[in-house]
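There are two complexes below, and they share chain A, which is joined by chain B in the first and by chain C in the second.
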Partner chain A sequence: MAFDIHYDTKWEGDAVEIYVLVKQVPDPEAIVKVKSDTELDIENKYFTSFFDEIGIEAGLQLKAKFGGKVTVLTVDNRRVDALRRGISMGADEAIQIADPALGGSDPFTTARLIASYLKDKPLDLILAGRQAMDDDAGIVGPAVAELLGLPHVNAVVELNIEDPKKEAKVTREVEGGKEVLSCALPALFTCQKGLNIPRIPQVMNVMKAMKAQIKKIDLAALGLSAGEVGPSSAKVKIQKYLPPPKRPPVKVIKEDFPDNVKTLVKLLKEEAKVI
Partner chain B sequence: MALDFSFTEEQEFFRQTVRDAVNRLIMGRVQELDEKEEFPFDLWKEFAALGYLGLRHQEKYGGMEADTVTQMIFYEELARGSCGFAMAANMQILMGTYFIGRFANENIKQRILVPAIKGEKIGTICFTEDQSGSDLGGTRTLATKVDGGWRINGRKQWITNGPIADFATVMATIDPKLGLKGLNFYLVERKTENREGFVSGQRLHKLGSRCSATGELVFDNVFIPEENFLGEEIGKGVQYAGEILNEVRVMTGMCALAIAKNAMDDAKEFANNRIAFGNHISKYQLIREKFAKFWAWYEASRAYLYKCAWLIQNNIPCINDCMLAKFHSTEMCMYAVEEAMRIYGGNAFCTEYPPQRYWRDAKFLLYGGGTHEVLCDYLGRVFCKD
Partner chain C sequence: MNPQSAFRNPKSKEERSMSNEIWVFAEQQDGKVRKVAFELLSACAEFSKKTGQEVAAILLGSGLQEAVKSLTPFADKIYCVEDPTLASYTSDTYLTNMAPVVRECQPSMLLGGATSTGKDLFPRLAMHLQSGYAPDCTGLTIGENGCLVAKRPLFGGKIFAEVAFSEANPQMATVRNNTFLVNSSLSKAAKIVSFAAKTDPSPKKKIIGLEKASGARLDITEADIVVAAGRGIKGPQHFKLMEDLAEVLSASVGTTRAVVDEGWRDVKDQIGKSGKNISAKLYMAFGISGAIHHVLGIGTCKTVVAVDTDPNALIFNYADYAIVGDLFQIVPALTEELKRVLAADK
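And then the complex of A and B:
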């Protein structure tokens, strides 16, 4: 599995600035239970959302081609492992937007926080996962682009840039085929499986990530107040979590062969209605 | 804080990173690695490229100088993937290169240690012979002083990485009559057209840990230069060996933890799905008892092993603790793999299901770092003396 990418061309223009939006989500193996109407009990096993890793890899491949800087950015009061993951893969900088007032914010608020941070920053490209693997909402990426007034393309599976100050060619999978689009830069793209295979971090970068200082940005630094975030400002609110229906009890057929086969067929037809 | 059992945020991140690498590189190949019984050079190359083989070596040679607790996290996570591959990698990281890092001159370090950390050269350590293993005083491989160096004669057995090794740290005696006081370590390289060196003897076919290459090394009057003597003083080999025995024992315990957890996690899933007499078998008290006992002993083992890692890290004498923890965790593992076999019922007897592999792999852990009979004899003696 080779991860080193070599390009013949060398970019001689201005440094390229790439931001990747990342999120730490529960590991697929983590046990998640409904605790109350609006709370989940999540086992303490988290990992970086898979689609976000694809975004980091895409950013790093572009950095290998054009030079410049890749910054990973998250909104999370507690977990910064997604940022460390980004650095261990090769990102240059990590930004954590965190503030006690952020608890209970909705995805749109998350997007506003990110947009507030990025609005004055020189940038050429923002990458994000097509959706987070926990809530599958897929809102934050496009919302950040809208708030910043940038074009965006969702779920890209190919990304080609010849001039990072001008235009990108991206491909999306659509019903029955693919759609090739050109998009003026700066822009925001959300990344879909197939765009690349995220690299496995090398241990020296893991060490660097373990020691990395994470830059923390609070509400005051963003020029926002507590009233503009959190549950009170949320436009979308969780009303109720419902657990999946419990598996019905097992029915044991106690008759001997061949009567048990007849009964089984009858049950499959009449009760389970699968044949 | 006087008592703190938590891992740091950085250590948790490290564990997650190693786990991810193991999941992606090894987990999908576990059965193949076991069935083929070949050393997976392709996997070795991929794994070495990530840099973990330098886990405990100095950064200037390409290592990461990880603290002992972090090292043990690595060993635990790697063994979760493949015990055989873990044995090969751990040999390279710890025993196979330790004395070169500790005693060799700069020239040897550049020629051997640096490529070993990159995975380009494979190393091993040789203790065991046909009549000695845990009983190091019975070592017969002879090192004879000659002009400009030493001549090594003897045969070493049960050498992990032996059949594929490029270099070996060899324990040999200057006089068998001296027992433990005659032992030293010597660096010997594989024989080539231009260099004297060891040759491989018989390769062993093993019950478990099958993808690691294990076999015999033969030293037929091999000349090595003086710089290949690994130590500061003649006759201190056993003392030097003691420097890593604690780590070796705790590392072995970490492998036991990983195999036991794998076995019982799989058994739990099986028991939660297998129906007998109208119920999932996990509803029956005799099955539940197996999990309860495992859980209690597993948590105790894990806590003790990481305590030992912490003691080593802080240079607190802990030779008895490391023996006890290795003994406890490996016996706990024996219980776990045996009970997993029983929970799987007849399915456990098929190679299609994993419990038999855990059972076979686990047996390998009984011998490294001293057989349990030798450890218990010593520990019992120490306890009674107190």
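And then the complex of A and C:
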């Protein structure tokens, strides 16, 4: 159990405060269908968004190095499984921001809720997934950083910290290569596949996490009113869901080799006109 | 108040206050503007026929003569912020320099490519400007009264959504490569409007290095043609076959999650749910079974070719052309045939 080992560390500064933003989303295998213009049918098969787990793992590795605390935080009225996943992996605390008024909020409102909670908390680092695997938007992370006035770096594939009260060295993917940056802390990083391989929690810890206490925060506790959230605050609105565009039926080239290859090239050139 | 009343109704004819410009973020690297910016400017030229607005590019960087020259036929105006501190992108410097220009000029739309930079900058800028933002779009249309409707995939492409924007300007969106075609017959003569750069004496972020990927291949999200192999290729050493094929087509080489998890290829080349979504004109899949994780990432490719030994492989359900066969036989023959045919064209 990697997270129970106290690493021999030279770090003698103040304990490190890390927050990880997490979300429970439909599993990639879950069937999602259009029910009506504004409603979806989602199979009840959920998991913790993969990139968020990478964030949790990154937080736990830093905690092992420097000591301190990892807190997982979600904005969700119903699902707290991502928080329990975080606890079972080794996070210390779990926060659920929930309120009946939150239905129909957009990612910018979600960011506002998170920032309202974090604004007066001591913290060194906020981690999030590159994007949640349901709306695939990637808005909340950078937007939280903007509201808190912190620098952010997206899609981080390497993260090295020597002094958590000073700066991080991070690598992010860019087209045609990787960019290495030094970034002052506190900061917010969104995590990309390749940063680490999230640990699989042990069964005992999963059981413990089921009973772990989750701190629930509502709008009043954040000092926000119902008028500032929900559909009336949204900057974007989904007006219609559509099924994915259908491809024409596949053309199977049945000739023997090597004629099939010749035919394929001919079709690509003359019919599809793509070469 | 009806909570939805603040939304633009693209079907209503009701007049709404509208700025007279639509903007494209002309992302550049080493002074060269990315192709997606020209695609978006071409789309805006079409939109402007409907809305009567002017099309403008906003360009930030250092040493921008060539970039300005390349943009001139595509825009009515180019807003330029030039400074050595803007030579490379960081969200901080770009935000500091872009936000005031956008605030002052009040464009009704601000579009950008769904690139690593676009996806880093736009959400933060939208929060800063209190604007609406639709990320990673695969289509944009203009409603009857001139407002934007963005189409974007959700759940990795299982569902698409039409997104409308609130009254806040600008309506912001990032758009995937190859969503629109570049219209090279445009012959505008852009007027240059320069803004003084704002510099931060103590920046919070500094770029300390750039590791260029080996080879001169484009990123799989940018390439017009992508060829990919899955576990059917049996080992990292055989990717040479794919590299040779890619060479002939000026394509980039992609792969699947299984191959990346085996450690055969870098994660930057992974197509699919936990990798990248590609929108290539031509995508060719070899030895790829077609797991949902993978095919979600190719949903917006124009033409898909699949080659696999298993006649029941799921990938065939997502392909336009299929060959049931062995990639070790097909790929070298295909490389040779393409060489022959493409050489004959020249």
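Of note:
Basically, the second predicted complex is superposed on the first by the 235 of 275 C-alpha atoms of A that agree within 3 Å, B and C clash if a C-alpha of one lies under 4 Å from a C-alpha of the other, contacts with A are read in each partner's own complex, and residues count from 1 in each chain.
Following the convention adopted for this analysis, contacts are C-beta pairs under 8 Å (C-beta built on N, C-alpha and C of every residue); 3 or more make two chains touch, one makes a residue touch a chain.
Every value quoted in this text rests on a predicted model; they were computed, and no experiment measured them.
After overlaying the two complexes on the shared chain, residue contacts for A:157 are found with chain C alone; chain B is out of touch. Once chain A of one complex is fitted onto chain A of the other, the partner contacts of A:172 are limited to chain C, with no touch recorded for chain B. When the two complexes are overlaid on their common chain A, residue A:23 makes contact with neither chain B nor chain C.
In the superposition on chain A, contact of A:65 is made with neither chain B nor chain C. Put simply, more of the residues of chain A are touched by C, taking chain B and chain C as the two choices.
Using the contact criterion defined above for the overlaid structures, shared-chain residue A:139 touches chain C, although it does not reach chain B. By the document's definition of touching, both partners, chain B and chain C, reach A:252.
In the superposition on chain A, the residues of chain A contacting both chain B and chain C are 250, 252. Listed in rising order, the residues of chain A touching chain B in the complex are 1, 46-47, 80-81, 84-85, 88, 200-204, 206-207, 209-211, 250, 252. Interface of chain C with chain A (complex): residues 1, 3-4, 6-7, 29, 88, 90-92, 115-117, 119-120, 123-124, 126-128, 130-136, 149, 151, 153-166, 168, 204-213, 217-219, 221-222, 225, 249, 260, 267-268, 270, 273-275, 281-282, 292-293, 296, 299, 302-306, 316-325, 329-330, 333-334, 337-338, 341-342. Chain B makes touch with chain A in their complex at residues 9-10, 12-14, 16-17, 20-21, 24-25, 46, 49-52, 54-55, 64, 66, 275, 278-279.
On the side of chain A, the complex with chain C involves touching residues 26, 28-29, 32-34, 40, 50-51, 104, 106-108, 111, 133-139, 141-143, 145-147, 151-155, 157, 169, 171-184, 187, 192-194, 230-232, 234-245, 247-248, 250-253, 257-258, 260-262, 264-265, 267-269, 272, 274-275.
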